[in-house]
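Paired with subunit B in one complex and with subunit C in the other, subunit A is shared by the two complexes that follow.
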Partner chain A sequence: MNIAARPAPDSLPLRAPSLQTIGMTKTFGAFTALDDVSIDVKPGSFHALLGENGAGKSTLVKCIMGFYTPEHGSVLLDGKEVEVRSPRDARALGIGMVYQQFTLVPCLTAAENLVISRADAPAIIDWKAEKQRLEAFMERMPFRVPLNEQVSSLSAGEKQKLEILKLLYLEQRFVILDEPTSVLTPGEADEVLGLLGDMARRGEVTVLMISHKFREVKAFCDSFTVLRRGRLTGAGDAQTATVAEMSRMMIGDTEIRERAERRKHNDRPAVLELAGLVAEDGEGRPVLNAINLKVKAGEIVGIAGVSGNGQSALVEALAGQRPLKDGAIFIHGKPFEPKRGDFDRFKVFGLPEEPLKNATVPRMSVAENMAFRAFDKAPMASLGWWLSPGPMRKRAEELIDRYRVKTTSADAPIETLSGGNVQRAVLARELSGDVDVLIVANPCFGLDFASVSEIRSQIMEQRNRGAAVLLVSEDLDEILELADRVAVMSGGAIGYVAAIEDTDRNTIGQHMAGH
Partner chain B sequence: MSQGDLFIVFIALIGGAIRVSTPFMFVALGECLTEKSGRINLGLEGNLVLGAMVAYAGSYTTGSPWLGVLMAGCSGLVLGAMHGYICKLPKVNDIAVGIAFMSFGIGLAFFFGKPYIQPTAPRLEAIPLGGWSSDPLVAQALQVNPLFFLGIALALFLRWAFANTRWGLILRMTGDSAASARAMGVSVDLVRLLATAAGGFLAGVGGAFLSLFYPGSWNEGLSSGQGLMAVALVIFARWDPIRCVLAALLFGAAGALGPSLQSIGVSQGYYFFNAAPYILTLFIMIASARSKSAAREAPGELSIVK
Partner chain C sequence: MTAVLASSSIERGGLSPRAIRMIEAVIIPLGALVASAALFSVFLLFLGKSPVTFFNLIWTGGFGSAFSIQNTLQRAAPLILTGLAFAIPARIGLTLIGAEGALVLGGFSAAAIAIPLVRGGWTPWIGLPIMAIAAMLVGAFWIGLAGWLRHYRGVNETISSLLLSYIAIAIMNFFVEGALRDPASANKPSTMPIGDAYRIGPMPGTSVHWGLAAGVVLAVILWLLMSRTTFGFAARMTGGNVRAAQAQGLPVGFLVVACCAIAGACAGLAGFFEVAAIHGQANASLVAGYGFTGILVAFLARQNPLAVVPVAILFGALAAAGGLVQRRMAMPDATVLVLQGMIFVVLLVSETFYGRIPFLQPKRAGDRS
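Take a look at the complex of A and B:
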C-alpha cells in the first residue's frame, strides 16, 4: 500500500500552470488542419477556444494532449518546453481533458471510477479507507456526485461533473473542456462553469474550454482565442471584446447568415397528433412518459431539452424504430402506424439525427439511397418489383444537382460523402415530394456555417408551404430561430409548451432542468 | 412412491448435484472471468474434453492424479491463450474462433487420447463426509471431491477480487468500456488475453474432474456438451461468480434426475429425464433473453450485447 506515501492533496501547492503553444502545424495528407497556431493561456485563467466546426479546435487540443504529433511547433508548460507524445505523458504533466464522449466506465461506481483512474491504484483496495479519503476530497470540491451509485445510473450532468472531479482528483491543474455544456441544462452549465471559474480565480486550476456559445464565453471566461480554418484569427480579453467582434473572427466578414423568412398563416387545423405516447428502453425503464402534442399545418413545433431526456426515443418512436408501449399517433385525425405504407399514404417524411446511421445504408450508392422512398413506384419500378436503374440514376442526378450534394458520382457509396452532404442527400430524398408532416432531429449538428443556413431555410420553406414540422433540437438557438411554438422535454415528458413570442431562453432553460 | 423412495431420490439428487456440478462450476467460472473482460470463449467445451484427456494421461504416466489436474489446467491455459491471441488480430470474431477452438480441442483430445481409453489411471480421492450417517446411501452421496470445495472457494475469491482489487476493476473496466480502458493506458488486448487464458485453465481443470473422478475414465463420449451449457449458465448467473456456483448446482441436480429416479425403479421416461439439463438450458436461455436486469448487468463490450 503506497497511499500513506502520497502527500495529502491539502498540503500540495495548488498552483495553476500556464500553457503556450508555439507555431503548431498539423496536416492530414493534403489538408492543413492547423497552420502555425500560437496560443497563450495565462496561469489561473479561464480561456475560451472559439471556432466553427472544423476550425481546428479539436486538432489543437489533441496535439496538446499527445493524441497527434504536430509537424511543427512546441508546447510550453509554465514557460518550459515539454514533450507530450501520448495522453499518458500529458497526464503525468498534469494536463487533463474532459471529452465530449464520457470516458467513465458505466458498470463501475463513481468511487470505483475515481480510484481506478489513479496511476498508483493499490493492488488490493481498502474500501473503507478509500471511501473516507474520497469523502474528504468531495468536501473540498465545489460540486459533488453520489459516490456509491453505478455510473450508468447517473444523469448526464452528474457524469459531466464526475469527469471534471476525476481530473481534479488526479491533481491535474490544467483542465481542457471540450464543449462541456452540450449535455447540461443551462442551470447546470452555469453552476459547473461558475464554480470552475471560482477555482481558476483562486489560482487552483487553469481552464481551456472549447466552445461556440458566446453567452458562456462572455459570462465565465476571461480570455479567448479564435481559430478559423486552422488559422489563428484573433485573441483577447473576453470581457472587453464584443460578441460581434468575436463572431466576425469566427466566421469572417463575408458570411452573415440570413434568417429564413417566416410567412404568416391564419389558424390552421392540427395535422400531427401524439396521444399519450409511452415507450421503454431496452432495460424496461420508461423513456417516454405520456407524450401529448399537436402540430398544426404550417407550424414548426420545436422540442427543446437536454440530450438524453427522451427526445431521441420520441423520434425513434415516430420513425418506427422503437415500439410504443401505449398511446397512439394520429395524422389528420386518422390513426398512423409508423410503417412504410402509412409513411407514404400520410406523406410523412423525416430527417433523423445521425442520418448516416439512421436514414441511409452506408455502403449503398447515393442513387440507391436517394431512391428509398420511391424505388417501388413508377418510373423506377414496374409492377412494383421490377426495378430499373436508369430512372433511379436520372432522378438521383437531378436531386444531386438541385440540392448541391457534393459527390464524385451518383454511384459512389453514400458513406464516402461528408456529413453535410449526407444530410443534404437525405434531405433531398425526403423533401423532393409533397410533404404533410416533417420530423427533423438535430438537423444542423456538426455542419458548417453555409450548410446550416441552407438546411434551416429548407425546413422553413416546408413550413411556409403548409407542412406540420416537428423539430427536435438540442441547440436552443435553432429552436428560438425556427419554431412557432416550443415544447420542453425533461425526463421523458413534455412539461411546458408555449408560443415562441410568449417565452424566452431563461424560462425554457428552467423547464429543461425539470422545474 | 413411498416416503422412503422420496428420501432416496432426494439424497441421490443432492449427491448428484455435488458430483455433476463441479465441471459446470469450473467451466462457468472460467467463462465468467473471460466474459467479464469483454470477450466470449465458446471453445471451452474443447478445453474441457482436452483437459479430461490430458488429466487422465498425466495421471496414468506420472501416477499422481493431482499432477494430472495441473497438466489439464495447463492444456486449457494454452488453448485459452491461443484463443486470446487470435482474437486480438484485426477483424477476428471471437464467437467464430471459439467454435473453431471447440472442434480443435475435441479433435486434439481424440487424436492423442486413443491409447488411454483402455488403461486405468489413478483417480482423485474423495473426502467422505457422510460418516455420521449409518445409511450407506447418504455416505455414498456425500463422497465429495476436493475440487468441489476448491471451486466454491474460487467463486468467493473471484467475487471479492472483482470488487476489491486493482486487477478486478481493470478487468471489469475492460469488459464494459474498452475506450475508457485505453484512455487510461490499459492494454485491452493483454487483459483479454490473460482473462481468456485463465478461463481456459479453469475449464481444463473442470475436464480433469470428468476423467479422474466422475464418471472417472477417459473415453470419447465423456463430455456431453457441459462446456457449452456452462456458457448459457454464465448468462443465467448474470456474470456473478456466486450465482454461477448456484446455477451449476441446479444443473447438476437436473443432470442427476434420470439416474436417481432409476434407482428407485422409475425407468419410464429415463431418456427424457436424462435430457433435463438440455431442456433446462433451453428454458433458461429463453427466460434470460427476456430478462431486463440481465441486460443491465451484461458487460458492455460483449459481442452478443453490442
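Take a look at the complex of A and C:
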C-alpha cells in the first residue's frame, strides 16, 4: 500500500471524490454474494444502487466500507487504488455511511454527538470553542438541526439529517446512504434528498444511495447501478432510463403473479371495532391515544404513518402483546379479548411484521411452527393435552406443498428458511382456514418481488372472501395498492380517514407529518 | 436470491436437520468434558500430581466396585431432581438457580411436618406421603414465587431465585436453632429426628435409597410432559419466543409460574429424600450444594430431562470419588469442585459451537446477507 492511499486527514480533498469498484467478488462459503461487480460513481454524482433484497447491495457497500474483505477486486478512490481493511480506514479516506439504524447517542445533544464522533476528540473538550466552530460549520450547511437539543427529542427526519451532517462534519465527502427514507415522511424524504442532490451538483459531495424506490431514484439521482443475485445487471443515466427498464434489470424475467382483483362488495356490516384504545409504553408514556376505528367485512383498512407513531403498539394491543390501559375491542359487536379462546371463536388471524421475530419460534421446526394455531385441538391433540406428531407432520407437509414453502424438510428449524419462506409458512398457518378478521403489519418488509406480489394477492383474496382486514404498513405504495380505506396514524392517534379513491399520496403524506 | 437458495438448499443431502441437532447435542457436551479434563490435567501437572492417577481414582471411586457404584447412585439421586429443577424452567426461557433453597426449605418442611405425625403415632404409609407432598408444595411455592416475580413484576429470575435461596436457608436456620430445635442436638442444631419407623430404607438388593427411583420416574414423566403434551409444546413456544406465544393467545403467565412450580416441586422432593432417607432430621447438612451442582447437570444434559439422569450419575461419581482422591493423592476434597468449575466454564464456552461445526454444516453457508 502506498502513501497516497492513506492521506493524512488534514490533506483530504474537500471536494467530491469519484469511486469505482473493479471486479468485486465476495463469497460466504459456497454462496457467492457478489460476483465480479464493477461500479463507477462519478465525482459529484447522486448515484442509486438498486436491487431486490439479497441482491448484494449491502454486501457491496460493506466491502467498500471495510466491514468485509472481498475475495477479489479493488476500490479506486479518485482513480487511485485504496485498501480499505476496516471502517476506520474508510473513515480516514473520507468515505462515510448513514445506516438504516441511527448511530447517534440519544441522551446527548446534537452538538455533543457531533464532537464526540470525531476521531481526534480531545479528552477535555472546550465546549465554548467547539460550539462556535459548530455554528460556523452549520452556516455552510444546507440544512440545520437544533444543536442544543437532546437527540432523543428530535424527529426521525432531524435525526437522519444529523447523521448526514455528522458525515460532512467529519469531512467525509463520499456519502453512502442505506435506504435513507424508510423512516421519513414523504415530505421529509424529499427535503433531505433534494438538499443532498444540490450539494452533489455543487461538487461538494458524492452520494451513493441504496434504494428500491423508483420514485426517489427518478426524482433525485443522476445515475444508477442495478444488482441482481450478486451480479451487475445494468447501469446508466437515471433520468433517461425508464422505470420499466430499471425494474426489468432488478427482477429479471421472473413471472410475477397478477395483482389479485378487487371484488366489489355491497355495503357490509362492521366486523372489527376498536373503541377508544389507550396503551402506554414501558415508561408510562402514552403510545395509543384513544384509537377509534371500524373495519367492515370484505374491506381492507390501511393504517399509514411514519414508523414509531403507535402503529406497532396498535398491532401489539390487538395481538395480546401489549396490555390495554383503556378502551375495548369488539368483533361482531361482542367484546374481544386477545386470548387463545377468542382468537379461535372469532376467527382472528394475524401476519405480524418481521415474522421470524413475532410469529415463529426460530428453533422449533417448520412443522411445529405451522401447528401453532392447531396443536391443542384434534386431530393434533387427543384429550386436549396429548400431542400426536403424526397428524402435525402430515398437516405441515400439506401446507408446505400448497403454499410452496421451500424447506429441506418439515423437521428443519424454521430459522434456516429464507425470509420469504418464513413469511409463506406463517401465511400458510394463518390463512389456510376460515378467516373473519385479519391483522397484517408490514407483511412484505424485506421480501423479494415474487414473494411480495404473492403475499399481497393472498391478503386481497381474504378480503374478497369477506374477511375484515386491518393492514398496518409503512410502505405507502402497499396501502395505495391494497386498501379500500386509509387511516393515518400520527402521535398515537388516528387523525385522518378517507376512502382510497378520495385521497392521494400527497394528502396522506401531509397527515403522516401530523398536519 | 430466493430462487438461488431454493435450488441449492435441496442439494444439502445426507443428514436431516434433526439428526444434525442430535449429533451436536451429544458431541459438543462430550467434547467439553474432554476439554475440561485436559485443562484439569494441566492444573494437576502444575501441582505436581499425576493426571493419570487422578482419573484412575475417579473411575475407581465412582464405578470401581459395587460399593462405589452404590455410593455414586446415592449421590446422583438428589442431582437428578435438582437437575430437573433447572432444566424445566430453562425450557420456558428462565435461568433459575434457586434449587438449593427449594431443596433446603422442602427438606425442612418435611422434617417439621413429621414432628406432629411421629408424635401422633401415624403410620409411615400415611406420614411419608404427607411429608413428601409438603416438601413439594413448599418447593413449588418457593420457585413459583421467582417465576411470578419474573412474569408479573419484571424481576430478574436468576437474581431473585439466588437470593430466595439465602432466605430459605435462613428460614431453616431460624427454626432449627429456635422453636423447632431438638434439645438433644447440642453441637449441630437439628429438628427432632423422624425416627427409624419413618426412615426410607434402601431399594431391595441395594444400599441406594428410593430417591433414585423417584428421580428416574420424574425425569421420564417430565420428558413426556415437555415433549409430548400440549402443555410442553406451549411452554417450548413461550421459551423460544414469548412474543409469538403471546400472539397465539397462550396464557404465558400461567405457563411460566407452572414450570417454575414443577421445578420447585422437584427440588423440594430432593429435600424430602435427603431428610427421610439420609439425615433423618433437618439441619445444616441439607445445604450441601446439590442445588448448584444441579445447574451444571442440566447444562451438560442440554436441558433434556432424560439426559439429566446419566449426567447426574456422572457427577455423583465425581462426588463419590472425592474422598478417595483426598486420601490417596493428599489433595483437598475441594479438588473435585475445581474440576466441576472447569467443566462449567468450558461448557459455557462450548455453547458457541452449536451450528458451527464445519463438517455438520450444509454446503451453502452464510446465506444471510
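What we mean here is this: the second predicted complex is superposed on the first by the 496 of 515 C-alpha atoms of A that agree within 3 Å, B and C clash if a C-alpha of one lies under 4 Å from a C-alpha of the other, contacts with A are read in each partner's own complex, and residues count from 1 in each chain.
What we mean here is this: a residue touches a chain if its C-beta (ideal position, glycine included) is under 8 Å from a C-beta of that chain, and two chains touch if they have at least 3 such contacts.
These numbers come from a predicted model, not from an experiment.
Aligning the two structures on subunit A places subunit B and subunit C next to each other without any clash. Contact with subunit C, but none with subunit B, is seen for A:Ala359 once the two complexes are overlaid on the shared chain. Judged by the touch definition given at the top, the superposed model places A:Asp342 against subunit C, while subunit B stays out of reach. Contacts of A:Ala381 after superposition: subunit C is touched, whereas subunit B is not reached.
Partner contacting the larger number of subunit A residues, of subunit B and subunit C: C. Shared-chain residue A:Ala33: touches subunit C; no touch with subunit B. Judged by the touch definition given at the top, the superposed model places A:Val82 against neither subunit B nor subunit C. By the touch criterion defined above, A:Ala493 reaches neither subunit B nor subunit C. Note on the superposed arrangement: subunit B and subunit C approach each other to a least C-alpha distance of 6 Å. Those residues of subunit C that touch subunit A in the complex are listed here as 1-6, 8-10, 12, 16-18, 21, 228-234, 236-237, 240-241, 243-251, 361, 363-367, 369. Listing the residues of subunit A that touch subunit B in their complex gives 87-88, 101, 103-108, 112, 115-117, 121-125, 127, 152, 282-284. For subunit B in complex with subunit A, the residues that touch the partner chain are 164-167, 169-170, 172-173, 175-177, 179-181, 183-185, 292-293, 295-297, 299-300. In the complex of the two chains, the subunit A residues touching subunit C come out as 28-31, 33, 52-56, 58-59, 229-230, 254, 319-321, 338-343, 350, 352, 357-365, 368, 371-373, 375-376, 381, 384-387, 406-409, 411-413, 416, 418, 420-421, 448, 450-451.
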